[in-house]
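Both of the next two complexes hold subunit A, though its partner changes from subunit B to subunit C.
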Partner chain A sequence: MTTSTSADIVVVGSGICGALAAYRLAQQGLSVLILEAGPRIDRARVVAAFRNSPRKSDWMSPYPFSPWAPQPDYSPKDNGYLIQAGPYRYPAEYIRVVGGTTWHWAAQAWRLVPSDVRIKTLYDVGVDWPMAYDELDAWYQQAEEILGVAGADNTGSPRKHPFPMQPVAEPWSMRRFRERLAPAYPVVANTVARNSRSYDGRPACVGNNSCQPICPVNAQYLGINAVESAEAAGARVVPNAVVYRIEPDAKGRIVAVHYYDPNKKSYRAAGKEFILAANGIESPKLLLLSASDRFPNGIANSSGMVGRNLMDHPSSSLTFYADEEVWLGRGPQSPSSINTMRDGAFRSRHAAYRLDFTNISQVLSVTEALIAEGVYGAEFEKQLRWRAARQVNVKNVLEVLPHPENRITLASEKDALGIPKPEAHYSIDDYTRRGADVSKKDFARIAQMMGGTGLRYSPDGQFANNQHITGTLGMGDDPAKFVTDRFGRTHDHENLFCCGTGVMPTAATMNSTLTAVALALRTADHMHPPSRGKSSSAAGAEPSP
Partner chain B sequence: MNEVVESDVVDAGRRRVLAGMLTAYTASLIPWALAAPVASLNEGTFLALSAILVGQTALDAELGGRLHAALMTESPRFDADAQALLKLIDSEHVDPARLQATLDASHSPLAPLPRQIMRAWCLGLVGEGEAARCIAYENALNAVVVAEVLKPPTYAYGPYGSWSKPPPAKGDGGP
Partner chain C sequence: MNARIRKSTLLLAMLLPLAAMHAMATTATHPASAASAAEVQRGHYLTLAGDCEACHTAPGGKAYGGGLPVATPIGSIFSTNITPSRIDGIGAYTLQQFSNALRRGVRQDGKHLYPAMPYTAYAQLNDADVRALYAYFMHGVQPVDTRPSRTQLPFPFNIRASMAFWNVMFLDKRPFMPDPAKSAQWNRGAYLARGLTHCSTCHTPRNFLMAEKPSHALAGASLGTWFAPNITPDADSGIGNWSDQEIIDYLQRGSAPGKGQAAGPMAEAIDHSLRHLTEADLAAIAVYLGSIPSRREPKATRAVDTWGRPYADLASIRGKPLPKNPDQMTGPQLYDAYCATCHQDRGQGSFDGGLPPLSHNTATGRRNTDNLVMVILDGIAWRTDGSGVRMPGFAPELSDRQVATLGTYLTQHFGDPAATVTVGQVRMLRAGGPSSNLVLLARIGLAIAIVILIAILVAIVRAWMRRRHRVLPSD
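Right after this comes the complex of A and B.
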């Protein structure tokens, strides 16, 4: 077996961004090699693993980590992979398998709002993006057509062309929120990569209510769909290939990456161009790992900014009982939200946010609560039905500003292959905390309008993490301040590009995947512009009925 | 699956054995149990205690056998504790609604037992932490109780858009 291989393009990471960049480049006739640290997995086995899991509220439980490609795992005990340097704990989650973390996403496929890319100019906070919102429209549209995005025009994100699909049918529970909160709070359908009709050979949603951790029927687009498209276009995927070093030549061009198999046998993959798409934690880790005499700070790190400006979306929340039966759990998990606080002059003072309603079945959490309370006998069934019918939740999704001291570094501890683990340095600033304080008033008003009782706020100052790992490879024009340029090319290495949420200079208030996919397609097309006449939109998408 | 020891099997006497374990008080909590088949005294005790705790008038005996076997594997004292708890409920006429508070107040060594049995039936789970095992999911009682309204996550609710209709059933009672 050879220990070296080569391709025109070598992509590190097989998540949705790396796979779609690979797909686009393979369509151009280039040879593309995708290296994935983790194994291939099978949808049906993930479904079975969830059903058999003793931890059904832990969406990582059906995705056990591989010893050679560990991922942060906190339950039933912390596997100690992501080292916490503090001061605020950052329990990031991601999945190192072929297809990446969107195996268990909620398929939230949001565009930014135009002001999101100009918050320095408009509000004197954060940084501006090196592009205008309008420049992204065409790439957003292509991303939406590939993913199959369903949505409506009332969320605050302008667009030039229609959504590929109508919004997914509104669950009864969300209808009741919409009707009762109007006109104070407009409740709108979320923009999702979930089928409201058959699309691109995949079926419409049938309401399995397990979007996280797994859609059993392929009604929501996942990274594995992107991998399959890339393979169909000619890309080759090597699973269980743990890249541990990026090799430059004397001029600073990247010539190869080196990877281990699970037995720590080393391989070399040479290429003409390289795409790093291993998420906002693993990508900077790999750049830092590749330090050498020539590049003592690591690859692409002459600015010292690799790993810095780590961002995510913290959430606080309110759980309560509505005064009517809404029965969360019928239909998809995350259907509706309030978008009016995504932008405004207030952003000079506090974080913008989106207000999100869950439609996740409450049966599990209610059962756990009743057992914890010792509610037994006939009262158990009575209470289970009453609470499961009425328990609801609203949470904020808060913007976090880029701060250089929030960062990923290399830990002194090493994993099973001897590769240093990533270390998270993280804090949540007063700007974000003020946003949480303001949203708490919305929570109270929403509960009041729903006749809420049994109000349970998440503890002040404590936030749940949304696993929207952003920053660490930020785009910008100034090579002294940013890792990548406006097209995702590293400032230091002309043939090394970054794709993924890491390149986003700010986090805004929206789930970051669609923006990262749009940027990844833009990067791929910048590397090799599609030849005239070749389709650059959805692969085999069915025409609208 | 539950291992049934032949010598423990009560055939014609099943009902009498279970009835003999219960006083009028506990029998009044679980009138169904007098007609339920049991494979052994210990399993009968487990089912009687289970019925009192979960407040159900019909329990899946096959699932009960599997849960009982798993709980016994988890703790060698399980059967002895279960008998002690049933006896306590009997002798003290403890209302299930106040059982946990009563056990906690007296610092009873039996205090963890009701939650173990509830977790088994209502969540399908036996064991804690890394030793936790899932024995039941779609037939765990928390799924069965709401089955006319909800499907357990991963099971299709119905045709596209069927979730837009009002929920089909009314919950009852209140906290």
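Right after this comes the complex of A and C.
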């Protein structure tokens, strides 16, 4: 039996992009319904679960797993939800709860650099974006004011207006990197959505150093803040609503989505317009799931491009001991980076990259290493103190180019509700690998300048994944090559829009959230332009000191 | 944030049954004398000391434009426009009329102000300071030509005239008289504390007519939600064990390490007002507070800020799953989830005191736990000094049961173990304090008062008759 509900706008997915699009539209007086597959969770219980977890470095461990809304998990072993078709493993992680995956992000909120949207024209690689960088400035600014973003001025991303706040105080470790690597490498504050002062009713960071998996004090903007804003503006959130089919009419307009509750009872949510914002894996999965006689390739897939051009940011890294005590772990986890390799003529030959320094406390990893080495007793304590004070790590964040064969498809395996699991087809091309090779020279030089000993490079050809799921719903003007148009509207369905990192045509070198949020706000404003005189500006900020 | 004003409305409810003849204020008109820049500047300082802006500027509104709605159980009282706008503000007030409003609670048109305006304290002001304030409001404030919403309270609270009778009983019209036997510093402190900074408005308990009890000056009083503590020099119940410097630090920064920190209406008073005072003035207030009569709580055994010590039992909950029902979370589980992030595993706070310890803290050491509940619910937010949210409020996240469990856990381990928090108390404080039937009470009271008045009249007439009767024979 089917139960019905309806709204002007139905948003599928309650992550930061869907929720902020919903917020914008609810502010316009539209009725907005947000459907979220996972449950609603409470920050403090995540904090308590994290403190109680024996697996502190597993950032999925404090989050609940819901059989009706499964999420990939690889620790202690792969739970088999995201099927790996190869040839390279793509162990993407995301959280299916109200608020989405930013629950455990590190709040890096970067803009693109202007060349990122023109790499085909400038370097004859990848594709150009269907918009200029300047067109994004206003939405970037609004996104930054909502999220409360701070950063350095010299990261390669021009801006017309200042950041809404100053960066969080520089940790000692990052100061030492900055001082010792200058002038060869300018180490600057990362651009992050983390409060250096009380902002929009949220407190300043107090340096718990657990940004991932959970900011315990709400100093870092999360999707749940966006959800709460949307609700305050009138949007309604239905948790545990697993959308499994998008229903078009004969003309191709979308008329409803169908969802299951945890007991597989089916519901139908009708609407005038629809926003698909279920991330770069679940969104294309849902489009593909919705195949019918009329749309045999799935919804929005006349081009056959749904799920294709999957991208992320692979990283290789170097861990070593500095010749002085820097004590990583004070302040936020990702405070600083080097941005000089985000653009240049070299991009015609190899991947651009950022160099990122971790500031995660090394006590846990050093402890595990010492136990594995069989060190105990007084020597253990001595070694722990010495290594935890000196162990540092630098990693690259490598650009990946769009390739149609890197894609999300439907697996033959099904989840607990009988919905096909997603399957990842992924590879890392030579362009990206060449970038990794070049960055290795930077690693060596940085280690040398820090008096590094005990150098441990990540093995050649092995990359960590950064969970910046990009592509799969790419924006472009040509309906034969792209899923969505320049405003995120699907080429095939005039009232179906996509928000999220999936719409980004290329991945560039920055964490993808801020760009996706800016695009989501832009999509919402395109759907229903804010009325003149009515403020569409960001959440009210408190006065500066 | 309106607890201070709320108390004044309770006062209003009590005095109205005593409705009496409306005393017409006579207003001598004096032309505004030309004010010097120095006088205007001094007036500005005095407005900060008097915290005028707290009520007379609405959030996001223009300075002194009024319109701050004060929700009360009997309806909203709106603060007035006190800019020099001649139409909507006090631009047409003479100095004398300004003085009458400030020190007598009487408007230009002769009507009485509601005692949300602390004129019983401002009555202490000397003429020179009234002149300086007048100079500032006439010359240092931008006129705002908007009229705030009018206060319209239900009968009998709409009879402003009833204030006149109460004023006769409780308004001391004499300005502050310096005591030549005391130091200049003491006199300065007494002048400020009794007058502009109006400490007693919150900290002095009131009698059944809601007038301050002089015998219990600054001995502590509930504002319905927050509790304004005893600030007399008693070493256990008051602040007698605070050094002058600790009092000054507290009034400047809202925190005295190892003693306590301001929250609720006190944080507001420091934020808007006290932190702007000179160190010399704050020192004078500290000296004065140290000189007033001590009041001791009958059951006090030790100073409220000396209870507890760092304590950890988080190890006891490790490895145990959280209960599905959040109301069944234990004290340490709630502490782990909501408090330990800032106050640390043993409640010791941060090394520099920026995040305060929970032991040796008035928030956990006071037998009356209302402030502990209030700070858990509301947190601490400063509006003007840039520090903003100093502590998040947990009202949306924590249930009444959870606050009671957590609050009792905190007092047991970090504070006075005899202090407890109950579910009913949390429910009542979350709802904004004890429920009130003020309108009904006032109307019943009015009826009783009329009966009493008639009885008194009858008695007077009889007495008069008797005297006549006694006197006549000797004629």
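Throughout what follows, the second predicted complex is superposed on the first by the 543 of 545 C-alpha atoms of A that agree within 3 Å, B and C clash if a C-alpha of one lies under 4 Å from a C-alpha of the other, contacts with A are read in each partner's own complex, and residues count from 1 in each chain.
The criterion applied here is as follows: a residue touches a chain if its C-beta (ideal position, glycine included) is under 8 Å from a C-beta of that chain, and two chains touch if they have at least 3 such contacts.
Keep in mind the model is a prediction, meaning the values are calculated, not measured.
Visitor: Figure out whether A:42 sits in contact with subunit B (first) or subunit C (second), or with both, or with neither.
Guide: A:42 sits against subunit C, while subunit B stays out of touch.
Visitor: After superposition on the shared chain, which partner residues are touched by A:269: those of subunit B (first), subunit C (second), both, or neither?
Guide: Once the two structures are laid over each other on A, A:269 reaches no partner at all.
Visitor: Is A:364 touching the first partner subunit B, the second partner subunit C, both, or neither of them?
Guide: first
Visitor: When the two structures are overlaid on chain A, which partner does A:217 contact: first (subunit B), second (subunit C), both, or neither?
Guide: both
Visitor: Determine, under the contact definition given at the top, whether A:202 touches first (subunit B), second (subunit C), both, or neither.
Guide: Only subunit C; A:202 stays clear of subunit B.
Visitor: Counting only touches as set out at the top, which of subunit B and subunit C does A:172 meet: first, second, both, neither?
Guide: first
Visitor: Between subunit B and subunit C, whom does A:329 touch in the aligned arrangement: first, second, both, or neither?
Guide: First partner only.
Visitor: Which chain, subunit B or subunit C, is in touch with more residues of subunit A?
Guide: B
Visitor: For A:52, is the partner it touches subunit B (first), subunit C (second), both, or none of the two (neither)?
Guide: The answer is both, since A:52 touches subunit B and subunit C.
Visitor: So which positions on subunit A get touched by both subunit B and subunit C?
Guide: The overlap between the subunit B and subunit C interfaces on subunit A comprises residues 47, 51-52, 197, 204, 206, 208, 216-217.
Visitor: Subunit C touches which residues of subunit A in the complex?
Guide: 42-45, 47-49, 51-52, 197-199, 201-204, 206, 208, 216-218, 542-545
Visitor: Can you name the residues of subunit B that touch subunit A in the complex?
Guide: Within the complex, subunit B touches subunit A at residues 29, 52-56, 95-97, 99-101, 104, 114-115, 118-119, 122-123, 125, 127, 129-130, 132-134, 137-138, 142-143, 145-146, 149-167, 170-175.
Visitor: Can you list the subunit A residues touching subunit B in their complex?
Guide: Touching subunit B: residues 47, 50-56, 76-77, 169-172, 175, 196-197, 204-210, 214, 216-217, 321, 325-327, 329-331, 360-361, 363-364, 366-368, 370-390, 454 of subunit A.
Visitor: Taking the complex as given, what residues does subunit C use to touch subunit A?
Guide: Against subunit A, subunit C makes touches at 314, 317-322, 326, 333, 336-338, 340-342, 350, 355, 381, 383-392, 397.
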